[in-house]
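For clarity, chains are labelled A, B, C and D in written order, and residue numbers in each chain start from 1.
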Amino acid sequence: MALTKEQIAMRIAREIKNNTYVNLGIGIPTLVANYIPEGFNVVLQSENGILGMGPFPYEGEEDADLINAGKQTVTLLKGASIFDGATSFGMIRAQKVDLTILGAMEVSENGDIANWKIPGKMVKGMGGAMDLVASAKNIIVAMQQVNKHGESKLLPECTLPLTGVKCIKKIVTELGVYEVKDGAFHCLERAPGVSIDDIKKATAGKLIIDDNVPEMKF
Amino acid sequence: MINKTVKNVTEACADIQDGATIMLGGFGLCGIPENSIAELVKKGVKNLICISNNAGVDDFGLGLLLQKKQIKKMISSYVGENAEFERQLLSGELEVELIPQGTLATRCMAAGYGMPAIFTPAGVGTEVAEGKEVRNFNGKDYLLEYAFDADFAIVKAWKGDTAGNLIYRSTARNFNPMMAMAGKITIAEVEELVEAGELDPDQIHTPGIYVHRIFQGENYEKRIEQRTVRPKK
Amino acid sequence: MINKTVKNVTEACADIQDGATIMLGGFGLCGIPENSIAELVKKGVKNLICISNNAGVDDFGLGLLLQKKQIKKMISSYVGENAEFERQLLSGELEVELIPQGTLATRCMAAGYGMPAIFTPAGVGTEVAEGKEVRNFNGKDYLLEYAFDADFAIVKAWKGDTAGNLIYRSTARNFNPMMAMAGKITIAEVEELVEAGELDPDQIHTPGIYVHRIFQGENYEKRIEQRTVRPKK
Amino acid sequence: MALTKEQIAMRIAREIKNNTYVNLGIGIPTLVANYIPEGFNVVLQSENGILGMGPFPYEGEEDADLINAGKQTVTLLKGASIFDGATSFGMIRAQKVDLTILGAMEVSENGDIANWKIPGKMVKGMGGAMDLVASAKNIIVAMQQVNKHGESKLLPECTLPLTGVKCIKKIVTELGVYEVKDGAFHCLERAPGVSIDDIKKATAGKLIIDDNVPEMKF
């Protein structure tokens, strides 16, 4: 059974270490916040200028001056700080943020990522994605492995305009967990009930998968 | 202290003319100079080049200037959430230059700090790098990006004093401080204007030297783009 | 929040070893990390490379490390007011690299902002420019200067919280914020350490992400270098 | 009669315009603050991180945390702001400070300045002087025109290591006021009782002086 979005988020949450700073992108990555282990000190950075982002506010307590990078109303945790956008991206470029989790449309076997533009469609912009992928020391991509036409999005080369080159090291999809190294997708785990064959069919790029690749447990 | 106060938004924006390059603070609809945008709509200035992280929504923020076709070119990092924008872009009425958000912020900062150019890894190997100088430092490639050169910066702060000192509130800070530093002429609208001496010198986000005109804005709507809440326990 | 507190200055400086490159905040004797300097003297670490705007006076600040001949090289903008410094320099025991003050500040900032190099006009056409790349932008020459790469930054703040957030007081701010951002390991000593949540998030000068270790210092002397006063009316 | 240091400062003060930001160097430039016309809004910048520097504190009210770039205890005026050193020099580089007044050992007829280093003597460092002269749009030098050996310090070329090149536009000395342009010192005013001949003798670089050059009035 392919993972749900929530399960992808749950699986990614296991990659988060205690006492770290993490930037979560829009979409599935945002859900990861719900699965950070109890008792972990994980500080969320939002690139519009927050360290220590908290959950959504209680109804009626929204503050128009306090939003996250997805323009959603949020709250601050105790010990949070606010800063300007240059400082925020300075912090990202200087690799002070330990882990970045973001979505993708395509990833290539050498770690290139495309997630901002589809030729012929309205382009909304890259926002902070190009800065994040070019700067972060540790990036996990949360994505669907196949598109609605059943085509793989783990490719030999990206077909869409790139967001960044040779920057993605780990991917979690509905089918498995992959490490990207030495020009190949190395399958580390498969989703419960997903076969090696399912994974092979869903991976267009070079795949390295062991016959005994372990099954994820939830 | 030098008194930077002007009577109102009309006086603050009096010399903004057709074709001006204007930086506007704000992230989404948060921390945008609502009064000044309304004034620009009223003035009807055209062919503006606007540097702003976003382009507002259809009926608020920079969307109000787009509705009136006053903007010739947008320089932004993310322009979603705006159907009129999309229409003008596809019809060729509007130019748009998309820039990575950190590059946008840092090009503002560069102008404010008197640095003609900066190096950033954002966009290396992508179409953003086309035609740009790439330089390797310590094994990593960086793009050379130039400081912005804007005629005006229009920013919104929470509190300001007559000397032009500004304090922002929460994430309404965003691009405002860098843009305030970067404008050849910087106009600040504030929710509360106080006398010089009432703000703590240690707590000022934008020193008054960067601000040429300041006024107390009115009727702030502070619209929320994505109202997300959790139920009260 | 991540708890950055360490028990005391000894724990904070435990892994600073001979030959380390250390940035130290302060301008003259104002805003210097007095407790950490005393600890380095006590530890007796040698061959230090110190990046600091000044070099203290004979019997205070970095002068204390100079007295014990623990510093191999000083990277500073102004090293007056220190006879022992002069003696060691003239005898060849001490290396010194003099850098324009703004270049020093901006090379710290570059490190904190992840920019490998910056352009500044300071020093163009002088001996500071020797061997450096000169580049013209808009008719003006600039030097290419590289970001600092320091093992440790040691800063002094007025208030700090357990999450590492810092607030400086008055001109004791000076180089501390940039150095805090620039250190691979940043150690902060504060006059008052409070719980996370007690500082206003809008008023924090150095976000806790930059600070690896924080402790409450003691017995601050805060010596005044040039006491200038006017008589009471 | 050659001007006293106080008179040099008084004369320079006349160059200051209302509603401007000014950076004053150490020495004679510091004295200029005493002669800014009553009612003028002149904001003093100190490069260690002050805008709106006030006079020395009253005895007993010194604050070790509040000093100027000369390490002297100072006060803040109402409306002052404090910032870090990178912002301070950013402000200087971006030419937000309207006027810089500093001392010099030598100035050349093309506007080069030397004021930080004497070979063979202990070098204390350039501090912020190189940043200031390279960045400021408007610099006035306050200096003695002849040294104690009677030698001119307004030279064809500086003999000491330079602080900056082609940056000085105006000089006030004990003998006169000079504009530096087109490779010459243009004498604009002479000190009371100082003759054209006195000035010629005290100027080693190319001098342009009108027979009717006005005398300063105090």
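FYI, contacts are C-beta pairs under 8 Å (C-beta built on N, C-alpha and C of every residue); 3 or more make two chains touch, one makes a residue touch a chain.
In this text, all values refer to a predicted model and were calculated from it rather than measured experimentally.
Novice: If you apply the touch rule, which chains end up adjacent to both chain B and chain C?
Specialist: Shared contacts of chain B and chain C: A, D.
Novice: Count the C-beta pairs in contact for A-B and for B-D, then report the pair with the higher count.
Specialist: Contact tally favours A-B.
Novice: Determine the centre-to-centre distance between chain A and chain D, using the mean Cα coordinates as centres, and give it in whole Å.
Specialist: Distance between chain centres: 56 Å.
Novice: Could you put a whole-Å number on the gap between the CA centroids of chain A and chain B?
Specialist: 29
Novice: Express in whole angstrom the distance between the two chain centres, defined as the mean CA positions of chain A and chain C.
Specialist: 37
Novice: Considering chain A alone, which of its residues make contact with at least two other chains?
Specialist: Touching at least two other chains: 76, 82-83, 86, 90, 92-93, 135.
Novice: Residues of chain C that touch two or more other chains: which are they?
Specialist: Those would be 106, 113, 115, 120, 169-170, 173, 201-202.
Novice: Okay, in this complex, where on chain D does chain B touch?
Specialist: So the residues of chain D in touch with chain B come to 19-21, 41, 43, 45, 51-52, 76-83, 86-87, 89-97, 135.
Novice: Touching chain C in the complex: which residues of chain D?
Specialist: 46-50, 55-68, 70-74, 76, 82-86, 88-90, 92-93, 112, 122-131, 134-135, 161-166
Novice: Applying the document's contact rule, which stretches of chain C touch chain A when the two form their complex?
Specialist: My answer: residues 1-3, 111-115, 161-163, 165, 181, 195-197, 201-202, 204, 207-210.
Novice: Any idea which chain B residues touch chain C in the complex?
Specialist: Counting only chain B, the residues touching chain C are 106, 113, 115-120, 137-138, 140, 142, 146, 167-170, 173, 201-203.
Novice: So in the complex, the part of chain B that touches chain A is made up of which residues?
Specialist: Listed in rising order, the residues of chain B that touch chain A are 27-31, 53, 76-80, 86, 89-90, 98, 100-106, 108-109, 120-128, 158, 169-178, 205, 222-233.
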